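Each structure below appears as structure tokens.
You will see two complexes here that share chain A, one where it goes with chain B and one where it goes with chain C.
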Partner chain A sequence: METEVLIIGGGPAGLTAAFEMASRGLEVTIIDESFSLGGQLCQQTQLIRALPSAYQPMAGFKLANKLTEQLKDFSVRYLLGHRVIGLYADGSIGVTDEKDVFPVKAKKILVATGAAENAISFPKWTLPGVITIGAAQTLVNRDFVMPGKEALIVGSSDFALDVAYQLMEVGVNIKGIIEKSAVVNARDKEKVNQVEKKGIPFYFNSYVKEAKGNGEVEAIDIQLQNGILTETVDLVCIDGSRSPILDSFYQLGCSFGYQEVLGGWIPQYNKHFQTDQKNVFLAGNAAGISNHAALLLTGMISGISICEELKVLNRDAFKELTLSYWRELENLENKDAWQARIRHIEKFSAPLLKDQFIS
Partner chain B sequence: MHIEDHPVLGKQLQAPVKFYFNGQEYKAYKQQTVAAALIANGIKKFGLSRKLVQSRGLFCSRGRCCSCYMTVNGEDHVRTCMTRIDEGMIVSPNLEDPVIRSDRDGD
Partner chain C sequence: MLDKTTIICRCEEISYEEIEEVIDQGARTFDDVKRLTRCGMGPCQAKICTNLVANIIHEQTGRPLHKIPLPRMRMPLSPIKLETLTTDSTSFSAVKSVLDEVELEDGKVR
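Here is the complex of A and B:
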């Protein structure tokens, strides 16, 4: 199979990049291993307020629909249920439909594979019933399944509080939110209020000492500042923050740098979201963990960069658009993430890791 | 338990299917994953880890951790969080390493 542009990952970043390119006449193929487009946005029911000026505030799943809808008039090929697993010697991408493997030859590749949630380990954290906050959200809002009746949340980020609220809405009893530091991690005070109003206790300066249960989680020992509290639960949702998914970048031979705030190891890239492999671009959480506005804007910037390279966007218009998208990014991205991104881009030609595998 | 009427998304579960786990029949809905279908029916333990022989179940629900491996319609090591349930599916727990070279594969 041949295509002008191959996008790996049909989440918000991949879809906005696709819009920039397909609307300017490029032949785009989107590959995603899941069965639907929208990536991790599909199960987000919370309102997303800060978005690029082209979009109104809306719930995550509605945004996923909108990003998918706006592509329908253009020539975009979709390979859903397909996974990128490697690279052929001639530079073609190796794709599997879980039965066969075939090559896809592309002029440009855009990697928008998103992020994976990290674990927080404690004794017996592998017991069934201990899951990530993202998994809980997926069960409730995508699969329409109750993950449990009595739950504890480990971590207090905005994401964790959103999920705590969404679990409550379907009738899960949240017994508490455990936070290892002295204050709530979430930036959005409204989310904190929403949860506090429901009477959910926060346990600060606390951590999970041990999970207990036979075959599945039945209780949690919480180490408080002044002793141990045991809660009976059948669900524990852990928020270990997220790290970019890098598999495709290793395979494509990209170099890496490290930015703690952006999720750790990330591929080297310049201000056009182009990696040191000239035909490989990136966007979204794969380029560093950030907020929704940044996911979309990085998709838009990498999209127009490919347009310019493939000569469907003239140099002046490209320069102007790049400038305005970057200005929006500066306004909408959290300050610490923005600063880490700038530091990362400044170090483009000085990677920490080259030609080696990190895990 | 299935969420028949979701507070934000409404009534989304329309097409019921039957599937089998350890020989017993259970009910699920078409758009659910195998892992979600099991959890809806109160089954959280999907298998045992190979070395320490500890219980394993769903963890990330996005195909990254492989904690949800099970045998589905005779195929070993299927990521059940990335596989949709289907009518008549036969699901069994992942209790040991799969047989990689078998007669079936002609080796």
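Here is the complex of A and C:
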């Protein structure tokens, strides 16, 4: 199979990049391992307020629909239920549809593989009933399954509070939110109020000492500042934050740098979201963990960069658009993430990890 | 937060104690730990334990996280059935070449 542009990952970043490119006449192929487009947006029922000017505030799953809908007038090839498993010697991407393995040859590759949730380990954290907050959200909103009746949430980020609220709405009793620092992590004070109003206790300067149970989680020992509190639960939702998914970049020979704020190791890229492998671009959480606005905008920036390289966007228009998307990014992305991104880009020519052994 | 028996690699059931021990013996990267313990060699292929192990190396040795390199990420990037890898697809398959000796019938391993 041949295509001008192959986008790996049909989430928010991949879809906005596809829109920039397909609307300018490029032949775009999107591959995604799931059978629906929109990635994690599909199970996000919370309202997303900060979005680029082209989008109104809306719930995540509605945004997924909108991003998919706006591609319908263009010829985009979708390889859903497909996975990238590696790379051929000639640079083609090895793709499987679970029946066959075949090469996809592309002039440009845009990697928008997103992020994976990090684990937090404590004694018996592998007991059934201990899951990530993302898994809890997927179970409730996509699969319509209640993951438990009595729950503790570990972590207090915006995402953790969103999921706590969504669990409550389907009847899960949230017995507390455990936070290792002294304050709530979430930036959105409204979310904090919403959760506090429901009478859910926050345990600050606290952590999970141990999970207890035989074959499944039955109780949690919470290490508080002044002692131990034992709560009977059948569900523990862990927010260990997220890290970019890097395996495709590794196979493609990209270099990596480290920015803690952006999720740790991330591929090295320039202000056009181009990696040091000049035909490989990236966008979204794979380029550093950030908010929804940044997912969309980084997709847009890398999209127009490929358009310019493949000569469907003239130099002046490209420069102007790049500037305006970057300006929006600066306005909408959290300050610490934006600063880390700038620091990361400045290190483009001096990556920490390069020329890795690929096998 | 961790005790000696806490599982770090859930696929291969490698405990905190086992990781600590190989760090004592000089392991400084994820791949060092992997070679000595099988940590990360199960079905998830280190997708869950990479950061946990990096944090333990950091805590035990004081080495900053940006000095603890990524593990090597090899093909196939996620699990795939051998049957899928060896289908008699008309297009070439570099992966298949490794398994060319496998005999096929109607695209299935005989």
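Things worth noting here:
Basically, the second predicted complex is superposed on the first by the 356 of 359 C-alpha atoms of A that agree within 3 Å, B and C clash if a C-alpha of one lies under 4 Å from a C-alpha of the other, contacts with A are read in each partner's own complex, and residues count from 1 in each chain.
One rule holds for everything that comes next: a residue touches a chain if its C-beta (ideal position, glycine included) is under 8 Å from a C-beta of that chain, and two chains touch if they have at least 3 such contacts.
All values reported here derive from a predicted model rather than from experimental measurement.
When the two structures are aligned on the shared chain, A:Y207 is found in touch with chain C, with no touch to chain B.
When the shared chain is aligned, no partner comes close enough to touch A:Q225: not chain B, not chain C.
Of the two partner chains, neither chain B nor chain C is touched by A:S349. In the superposed pair of complexes, A:S121 makes contact with chain C only, with no contact to chain B. With both complexes placed on chain A, chain A has more residues touched by C than by the other of chain B and chain C.
In the overlay built on the shared chain, the residue A:V145 is in contact with chain B alone; chain C does not reach it. Chain A uses residues 116, 119, 126 to touch chain B in one structure and chain C in the other. For chain B in complex with chain A, the residues that touch the partner chain are 1-4, 6-9, 12-13, 29, 31-33, 36-37, 39-40, 44-46, 49, 54-65, 67, 81-82, 84.
If you check the complex, the residues on chain A that touch chain C are 83-89, 94, 96, 98-103, 116, 118-119, 121-126, 207-210, 223, 243, 246-248, 250-251, 256, 258, 260, 264-265, 352-353, 356-357, 359.
Touching chain A in their complex are the following residues of chain C: 1-3, 5-8, 10, 16, 47-49, 51-52, 65-66, 69-70, 72-78, 80-81, 84-85, 87, 89, 91-96. Those residues of chain A that touch chain B in the complex are listed here as 33-35, 40, 45, 59, 61, 116-117, 119, 126-132, 134-135, 138-141, 143-147, 169-170, 215-216, 245.
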